[in-house]
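Take a look at the structure below.
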Amino acid sequence: FHRALEPRRDMRAEVIRIPTGGPADISGLTKLADLGIDPAKVRAVIGKTEGNGCVNDFSRDLAARAWTEAVGGEVLTVMSGGTEGVLSPHVTLLVNCDDDPGAPVGALAIGVNQSRVIEPEHLGRRAQVEAVRDSVIDACQAALIPLEEVELALVKCPLLTTGDTYGSMGRSRAASALGIGLALGEIRDDQIEAALAGNFEIWSSVASASSGIEVNSCHVVILGHSAHARGRLRASHTVMKDAIDAESVMKVLADIRERGGEIVQVFAKAEPDPTGSIRGRRHTMLTDSDLAPTRHARAAVAGLLAGLVGETAIYVSGGAEHQGPPGGGPVTIVWRLPS
Amino acid sequence: FHRALEPRRDMRAEVIRIPTGGPADISGLTKLADLGIDPAKVRAVIGKTEGNGCVNDFSRDLAARAWTEAVGGEVLTVMSGGTEGVLSPHVTLLVNCDDDPGAPVGALAIGVNQSRVIEPEHLGRRAQVEAVRDSVIDACQAALIPLEEVELALVKCPLLTTGDTYGSMGRSRAASALGIGLALGEIRDDQIEAALAGNFEIWSSVASASSGIEVNSCHVVILGHSAHARGRLRASHTVMKDAIDAESVMKVLADIRERGGEIVQVFAKAEPDPTGSIRGRRHTMLTDSDLAPTRHARAAVAGLLAGLVGETAIYVSGGAEHQGPPGGGPVTIVWRLPS
Amino acid sequence: FHRALEPRRDMRAEVIRIPTGGPADISGLTKLADLGIDPAKVRAVIGKTEGNGCVNDFSRDLAARAWTEAVGGEVLTVMSGGTEGVLSPHVTLLVNCDDDPGAPVGALAIGVNQSRVIEPEHLGRRAQVEAVRDSVIDACQAALIPLEEVELALVKCPLLTTGDTYGSMGRSRAASALGIGLALGEIRDDQIEAALAGNFEIWSSVASASSGIEVNSCHVVILGHSAHARGRLRASHTVMKDAIDAESVMKVLADIRERGGEIVQVFAKAEPDPTGSIRGRRHTMLTDSDLAPTRHARAAVAGLLAGLVGETAIYVSGGAEHQGPPGGGPVTIVWRLPS
Amino acid sequence: FHRALEPRRDMRAEVIRIPTGGPADISGLTKLADLGIDPAKVRAVIGKTEGNGCVNDFSRDLAARAWTEAVGGEVLTVMSGGTEGVLSPHVTLLVNCDDDPGAPVGALAIGVNQSRVIEPEHLGRRAQVEAVRDSVIDACQAALIPLEEVELALVKCPLLTTGDTYGSMGRSRAASALGIGLALGEIRDDQIEAALAGNFEIWSSVASASSGIEVNSCHVVILGHSAHARGRLRASHTVMKDAIDAESVMKVLADIRERGGEIVQVFAKAEPDPTGSIRGRRHTMLTDSDLAPTRHARAAVAGLLAGLVGETAIYVSGGAEHQGPPGGGPVTIVWRLPS
């Protein structure tokens, strides 16, 4: 991809939320013009689209095509389907902007990358883990984000279109999350085998992986603090230890509030607890033959997070294998320092 | 029904949550024996069962039959289908117990009643409103609960089995809620016509109505404070003004915590905002042809409430017409005073 | 639209079925090249795409964009979602070809047209009926197809995106079908009012209307015999009187077989019987809250038709208001005379 | 179970279809009284109930309880969920009746049996295969039905309630079908290992297995001709080689018609072709995350069969592992000789 190990003046990230009226609605791009932002500066489009978020969700593809065409250039899309419950369809644009001269350094910067094509026989296996690991490391280097300053590592990864298609979505997310954890030093290489064999106690705290029929390589998008970016955007992450762990999130929100921060966007992963219960109480997300487990999980966790932050156009994605502990998931909150 | 205008020694309510392993699982009844409670004292069984909560949800009927047979006598069942997201299938038993001599009066008491059969042509109309109104008033009188002390008024009501069956669920809930509001003085008789014509700004703050194919009359269950009941259970209600209104609930929780209270159970209603948006952001609950609107709403609101109270075996029911403001809904929290 | 009241040499229709690997798969266009056909000659693309066929089916939009871009020019798309059961996703291209000199006249010709934009307040009302009527008449005139020779009249029409969205799909299909019936003399103008008020005994025998979020006007596509087209394609239509009326279809198939015909494509409409029963037996298509009625109906009728013709890449569309009798629907079979 | 190797006067089967108004509707039992039949003579109740036919289908349990209670005694129930498309909810009673003196021998007789409890660790394994094999052999012996005269072998078998619950339904059906094939000599013991490992080319032509959460043993119900039963009921079976194989069925129907037979009931199995295509055309039953594969298959095959026999209250059950060839399934037609 693009290697820019020299600091540039435009490494500062801006994070812009745009509500959409449908998957192909790109009318909100006018907001960029209003802000005086050149569309060519958009590095990534992170979307919540209103399909089922599962195998036959074509809203992702429709949105990815519309936004790629609208923004042009080398923009990466990470479209996550499923706006169950209160979730509101929207995209979040990650834009490179010139430094804000009156602001401190250590602002959020954007890393992007695209792995090689993942062949079906490599999907969910070590080859995918390593492809993602390398892509994450390169993305961070190019953006001058130290690995320990990564607050969010999004990956959009492929799925199998024959055989156990729904199951392949999970295996692809799993391999992507492990690649992220490996890159960031959260997971050791000698843990990968056990993790791929189903040990979900091995996890990353900033990974957010989402599968889709619309990609055949892995799209990597990183948000992290950089000493070379001057601006007011910051991010904080936590990990929900289960799907109702409001406490962890409220603690981060209190920290941000204490620092006078204004919340800009929330990125979270959700999943049904694989044991079939939450804090000892049975849930039915895994035995409901009418409604996919990830749809259940997104609806519930988004209901909680939207309530806590008072905003429904947030990014909550379903299926959190190796992304936070089993049944839980990472949450990254982007916020703005007071001026 | 049973009129007992004389105070009795056993007017105190006990509220007992029993997790279930399936709709017909009544094995948890042994808990009553463990507590030394006679099953004949159970006045109502309020359940969350794991069907779709819509027209063809047979988990409600299965549970109602199993519990009626298990408990026997004149017990009333209110089975609400749908345990989307984190919700855990369970029943809540409302039991009449002897006064707790060391506790203050003003404890929760239980009113129950059953209306006459609601004919299909009366469903969702004034005749149903008035049948529910009368049943609520009688239930309160019999239980010596002043109308202004009602904290929760549950109604299980019929639906139409031909024509617009899903729509009839909403109209039946609407008429039941209006009957409750009328009984409790929250709604005036001259507002009923407008309300039935679709003015959802007319609402009760303690009504919780749920429709089901398994009843042909309205089952009424009341929880309220009575000067004739001595015990430690209390209830507090609030109204969520929309589906993400965490603040209202957190305020009540803070009040209870301040009084040293221990939370026993939560009863809430949820619905998709009929305008199609929440705080100005579009939601997709009304345009998802794969997933019924009430399923979306239950999942989201239950996700929020379960997070706030740290418990998933709570009662969240979908479809909140005239139950709280449009898009919002009443929440009643039962709690126990410290001893 | 394009008026060509002069006979042209290229009025003959060719009907080409192309299986698709996904909604955006246009790779089958190479088949045109193999056949020596200029893509610019494609007048209409009729597709079955693999979404839910209801309100939030984005596979239609994705397919319509991909094919419009691929074929270019003034091509009309009619994308019908829903490939339940055995149905196989595919498109059928209607192409104008030069006369086949060795064949008889009276071959199938293609009429296409596009109505003005249908405003939301006109949707499902007389204004839409008349817009479709005029478009159908113009399309037939331009293609030199006498009205009595129309064998199939497809319309793709808009829906409402707020309020009762699923219901609006039916009202839009209804108005379109009535417009077709009016144009073709099957329905009298003085019947329209009763029909719009819900009298479904008023119907067309060749109408096939399908709603979608991806259009705001009505796309009209006609197949009918023309004395000015020389070729071997013919079409025969019948009407299934209910969803299991195999007999009507077998009769047409026997006729075609007797004439040595080879079946090229099948176009059919399906719907759940609005009375809730078929030949006196209750069905559950209208009370299943997990699965939309039109999905049920498509699966069943397509299962029957695919069995009868031995082919699953056929066009079966759900929702047949005023398209054949209540619970039934029109079936048009395109076939080729032996050479 | 009950061994009656002595011929009895009441070995003749009567097969009585009763439409139901809901899973718990047993009002049709009055039909028995009208026919002068003692309910104690009902040996089996075979039902199609209107749930989703998958893991969380509680309509089966509700129906099984209602009919067991209504009929009493040792009656076996086989409740199959899922009445997609045109299918009409109903039960079929298999009743032992006294010989019809004016009719020939060789009439249908009924074998019933119940295996030992299948522990979760034996589910889908050889232990279940052998339990079903033994139960089938015993049932045939007790009913004096030669193994080669079995026309239908129904099994209702358990599923797993944790882990891969939907997948366990298929493995349980598979083991049951193999047990039937082994009992009837259609499958050799040395083929079982390969079959359990996924070779679906090993199959029975009369097996019909259905899983449900409501049983923990296997219920076996046999219909076959017996030299000791005098009456007019006969059965004929065929195998659909794929989901659109109308020809095989039409051939049997023509045979029956030629013999002057009147069709009494149809029993069939259906499944999505595991290759993902039917006669070379892709289907989407395995990639639809909103609708379970068995629901798709039932709707389609029932649409075809109902059309061919002109009746929607037929038994079509989903999931046909080792029941007919991959993608196809057995069909048994019960019919009555003319008098």
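Order as written gives the chain letters A, B, C and D; numbering starts at 1 within each chain.
Convention: a residue touches a chain if its C-beta (ideal position, glycine included) is under 8 Å from a C-beta of that chain, and two chains touch if they have at least 3 such contacts.
What you are looking at is a predicted structure, and each value in this text was computed from that prediction instead of being measured.
Asks: Starting at subunit A, how many touch steps does it take at minimum to reach subunit C?
Replies: Minimum number of steps from subunit A to subunit C: 1.
Asks: If we define chain centres by averaging CA atoms, which chain lands farthest from subunit B? Would you check?
Replies: C
Asks: Provide the C-alpha centroid distance between subunit B and subunit D, rounded to the nearest whole angstrom.
Replies: 42
Asks: From the C-alpha centre of subunit B to that of subunit C, how far is it in Å?
Replies: So the centroids are 48 Å from each other.
Asks: Touching at least two other chains at once: which residues of subunit C meet that condition?
Replies: Correct list: 50, 52, 56, 284, 287-288, 290.
Asks: Can you check the complex and tell me which residues of subunit A touch subunit C?
Replies: Checking each residue of subunit A against subunit C gives 22-24, 50-51, 56, 58-59, 61-62, 65, 213, 290-291.
Asks: Can you name the residues of subunit B that touch subunit A in the complex?
Replies: Per the touch definition, subunit B meets subunit A at residues 19, 21, 50, 52, 83-90, 243-246, 277-279, 281-285, 287-288, 290-291, 295-297, 299-304, 306-308, 310-313.
Asks: For a test of understanding, state which residues of subunit B touch subunit C in their complex under the given definition.
Replies: 52, 54-57, 161-162, 165-166, 276, 284, 286-290, 292
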